[in-house]
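A, B and C label the chains in the order they appear, each numbered from 1.
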Amino acid sequence: MRLVLDGFTKRFGDTTVIDALDLTVEDGEMIALLGPSGCGKSTTLFAIAGLHRVDGGRILFGERDVAQVSAQERNVGIVFQNYALYPHMTVAQNIAFPLRVRGASVADMDRKVREIAGLVQIGELLERKPAQLSGGQQQRVALARALVRKPDVLLLDEPLANLDAKLRMEMRSEIRRVQLETGITAILVTHDQVEAMSMCDRIALMKAGGIVQIAEPAEMYDNPADRYVAGFLGNPPIAFLDAVSDDILRLAGGAALGAAGTLQGLGPIALGVRPEHYGPGKGVPLDGTVIMLETHGREDLFEVELAGGGRLRAILPAGSGVRPGTTVDWGIDMTRVFAFSPEGRRL
Amino acid sequence: MQEQRAPNARHWPLIAGLVALSAPLVVMYLYQVIDTVTTTPPGSIIPDGVTLGHWRFLAGPLSEGGPSVWSLAGNTLVFATCTALVVTSVSVTAAYALSRLNMPGRGFFLGGLIVLHAFPTITLIVAVFLILQYMGLYDTLTGVILVKVAFELPFGIWIMKGFYDSVPWEIEMAGVTDGADRFTVWRLLVLPQVQPGLAALLIFSFLSGWSEFILPLVLAPANAPQVLATYLAGIIADDRFADFSLFKAVSIFYALPVLAIYMIFQKKLMNIYGGGTKG
Amino acid sequence: MRQDRIGFLFLTPALIAVVLFYLLPVVMTAVFAFTNMSTSTGIRGGDYMLTEGSLRDLREQGLNEATLSHLADAGYVVDAEGLAALAEAFGAPLAERVEAALGGQSFATGRDLERALRDLRAPEIRMTRDRKRAADLFQRSVLNIRHDTAAALAADLSAAGIPQSEQDPIVEVAYTGWSWTTRNFELLLSLPSTARYAINTLIYVALTLVIFNVGLGLFLAISTFYLPERTAATFRAIWFMPRILPPVLYVLMWKWLMWDNGFLASALAPFGVERINWMMHSEYHAWVAVILINGVVGASFGMIIFASAIKAIPQTMLLASEVDGATRWQQVRFIILPQMRWPILFVTAYQTLSLLASFEYILLSTGGGPGSATEVWAMAAFRTALNNYGGNLQYGMGATFALVLVIIGTALSLLYLRFFNFQALLAKPRIER
């Protein structure tokens, strides 16, 4: 089902935390609400679920405006960070609960529970209590409970945050698989860019109660709308250099970078350089000293202090032999550099 | 810090101090038990014989023409049980409303709860006495139970609110999005999570009712069924009748349920007495 | 159902209890304090009855002697009205005989009239009981007769021939019910015992609180904290007991310890110490007893609160101080005690309130004696209104005593609100609708 937020506004007391937010999630699409804590992503999620009052705008499930409809009548499924399984009920009772409160027959409940348990692969756990399950298994039960009544929208609130690194990888693909198999419209709230990029069709990057950019993950990475987006996506993160653009483009420290091109005459600007676009033999060489080396196994991460001021990060295959303290003359691939105005606008 | 299991030399001075402080209490506890099964010559502290005679009240009336101890215990049981049940059931709903439900005036009610929790209820006894008279509930067990319940309520609600507060919000949120209304969410999802609190409050208010002395004394002095506390206080205060061994035997009988409950639920009680803090 | 509606539904029983047994009593305490209610006035309205006593009062008020003697003398008159009633009850023949013999005569008392009737030797009233019934029909006095309303009394006064103009003061004096007055407050301010109760309360609260609730409570909590688990648990159990034992039993143990043939007296006798009642021998003995008995229970309370507060101090903080070479005493002084500030304040505030109002243990032990040496304010209220030896319970005066405590209690409990992080308490429910 297509989900549309149209001018959605939310206030807590006198403070407006979300002001006229617009968002469209296509039928069967999985979208991520990505942003730091306090950006309003969970608030948006709770408003879609009907747990929070909506102070303005419309929330459309298909053609139906549910902004004033109670949570009970909205038909959304939700999965929480702490799973929120009902501790006193068995797995089967947990999954059946949404059907039970709707007055489903026992046979019907039993059939649907088995069906969905098969889908999330917990068929053999149905008689256990949540406390007897591992984190990953609890997550699957929570997913099954959210899906069993065939909700219009599936909401995922930081679903992987409580899992260890290995399980997180596994559940990432599991959730995506189940979402694709059921074809359900889903919204994932997360502060983890890897989760957002790996699981979702599109990402809505949020900041201070508004959406900064909505795009497919690769598009957002390669073409960030502004400095905030560029800085948020990418690990290791992008590095920024102060630069001046008049006739030619040069760093604040003085080193020339080449023709200014479309940036000509803009004065002071900032350049964003991703680690993979800085390294030996990549465009204009700049003098610098390696000040830090992090070994990541397959590759090494370097931090380089440029002679004229400013720091860049570079990521190179392991075994380059470069040590901290070494002077290098690595260059920047100027075709892949992002330029930003001092206010952070993309130029 | 309690890392060691056995006391060492460093502990002995402290232990000696505590023993000295605790000695009078220990002496009282010991003799409270010893005196009920021994005879002691007047003016001595050493028993000279063993007897079960002090327990004869179990088979007959407590004092001449008085009620049997069993009927008193029965009345006390009814009083304490009713108090516990009503306090717990009223607290369990009110606390949920205050802890979790978004309703107008919630802040006001919460403030009121804290004020009442600290308020010395016994100062209201004169007015309550007269109000019960107007209501026609003076000198009835019902009246005493009602007042006792009301006086225990702020504490009960406070304790239960603490238990509700610790139930994760997500459980309720999940329940609501699963389609259950708040009443169903409370009954099926939240109530099972606060069962330890329910048990603790039941035990606590039962003990409180079982030990209550002033309220039955003032509000149901004559005709109503007497409870152990008031009857026992009555015969102890009666000068014609100073048989401490008998008093002690009866009080042991009276305190047995309290001691039993304490033994079984020690941990739970320590917590509620500490956390709840009702003077 | 909407959640606010469920909320009110869930709160209703508690609200009813609060209104009936908190709000109403608070208001009523203030109301009763302005009345002279007592056992003799009753608590509902009263009725109207003139007694010998009221005549005395009227004389003091300066009612004219004629009316007074009329009120006093108006006894039994054989008049037409009475004869009619007699005819109704015993038949016309008797009425005719009585009219012939005694018509128009007055008798000071019923007995005089009965004697006169006996002399008639009428068969209808041969029995003493019947004669008495007959005599009563002629009673025209207003003394010692209960009237439900002022109007009924006024009617009788008129019948007895008291002029309308003089009836008002008489009706007023005859009223037996309660009335509004500020006399309780005047009494409160003028009675020397008031100051005594106030001072007693102050001593009782301050000593119990400082020495036991806080002092001993802290000592028990800290010392058991440093002991091995089993030993600590034993001592805590010994000191927790007083708090859960029924007060009647707990005080009985103390009585046994301290009475004149009790443990203390017997144990000290071999050393040549005179056998005395250690609880009631003198004011000082009584005070020590009262404070010990309340104090041990209070120490119990303090110990529990402080022990859980000490438990909440991060273990690493104490370990770090040990690594730094702090002695146990320094650890207590510089780490534990500073963290006890809030618990101590809390215990002080909370216990001040409960001690101010509590008198249960005093009532059971010294009973406020000897004399009224250990009588505290709350107990004075209780005694005056609900439990005195004289039997005439002064509800109004007792309420006045209680009102002082209610006002202090309300003010302090409002102050107590500040001990809570009220904003956190008010955190909005996360399900808004």
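Definition applied: a contact is a pair of C-beta atoms (placed from the backbone, for glycine too) under 8 Å apart; a residue touches a chain by one contact, two chains touch by 3 or more.
Model, not experiment: these values are computed from the prediction.
Common neighbours of subunit A and subunit B, by the contact definition above: C. With chains reduced to the mean position of their C-alpha atoms, the one farthest from subunit B is A. Here B is the chain whose Cα centre lies closest to the centre of all protein Cα atoms. Chains B-C form the pair with the most C-beta pairs in contact. If you average the CA atoms of subunit A and of subunit B, the two centres end up 55 Å from each other. With centres taken as mean Cα positions, subunit C sits 69 Å from subunit A.
Here the spacing of subunit B and subunit C, counted between their Cα centres, is 23 Å.
Touching two or more other chains at once are residues 428, 430-433 of subunit C. Listed for subunit B are residues 173, 176, 181, each touching two or more other chains.
The residues of subunit A that reach two or more other chains are 46, 50-51, 71, listed in rising order.
Against subunit A, the residues of subunit B that register as touching in their complex are 168, 170-171, 173-181, 184, 188-189, 192-193. Taken together, the subunit B residues at the contact with subunit C in this complex read 1-2, 4-7, 11, 14-15, 17-18, 21-22, 24-29, 31-32, 35, 42-45, 90-91, 93-94, 96-98, 100-104, 106-107, 109-112, 114-131, 133-134, 146-147, 149-151, 153, 157, 169, 172-173, 176, 181-183, 186, 207, 210-211, 213-214, 217-218, 228-229, 232-233, 236-237, 244, 247-248, 251, 254-255, 258, 262, 266, 269-270, 273-275, 277, 279. Contacts from subunit A toward subunit B in the complex involve residues 46, 49-51, 71-78, 80-84, 86-88, 97-98, 101-102, 142, 145, 149, 155. Contact residues of subunit C toward subunit B in the complex are 1, 3-4, 6-11, 13-14, 17-18, 20-22, 24-26, 28-29, 32, 37, 43, 216, 220, 223-232, 235, 237-249, 252-257, 259, 261-263, 265-267, 269, 275, 296, 301, 304-305, 307-308, 315, 318, 346, 349-351, 353-360, 363-364, 367, 378, 381-382, 385-387, 395, 398-399, 401-402, 405-406, 409-410, 412-414, 416-417, 420, 422, 425-426, 428-433.
Listing the residues of subunit A that touch subunit C in their complex gives 12, 46, 50-53, 70-71.
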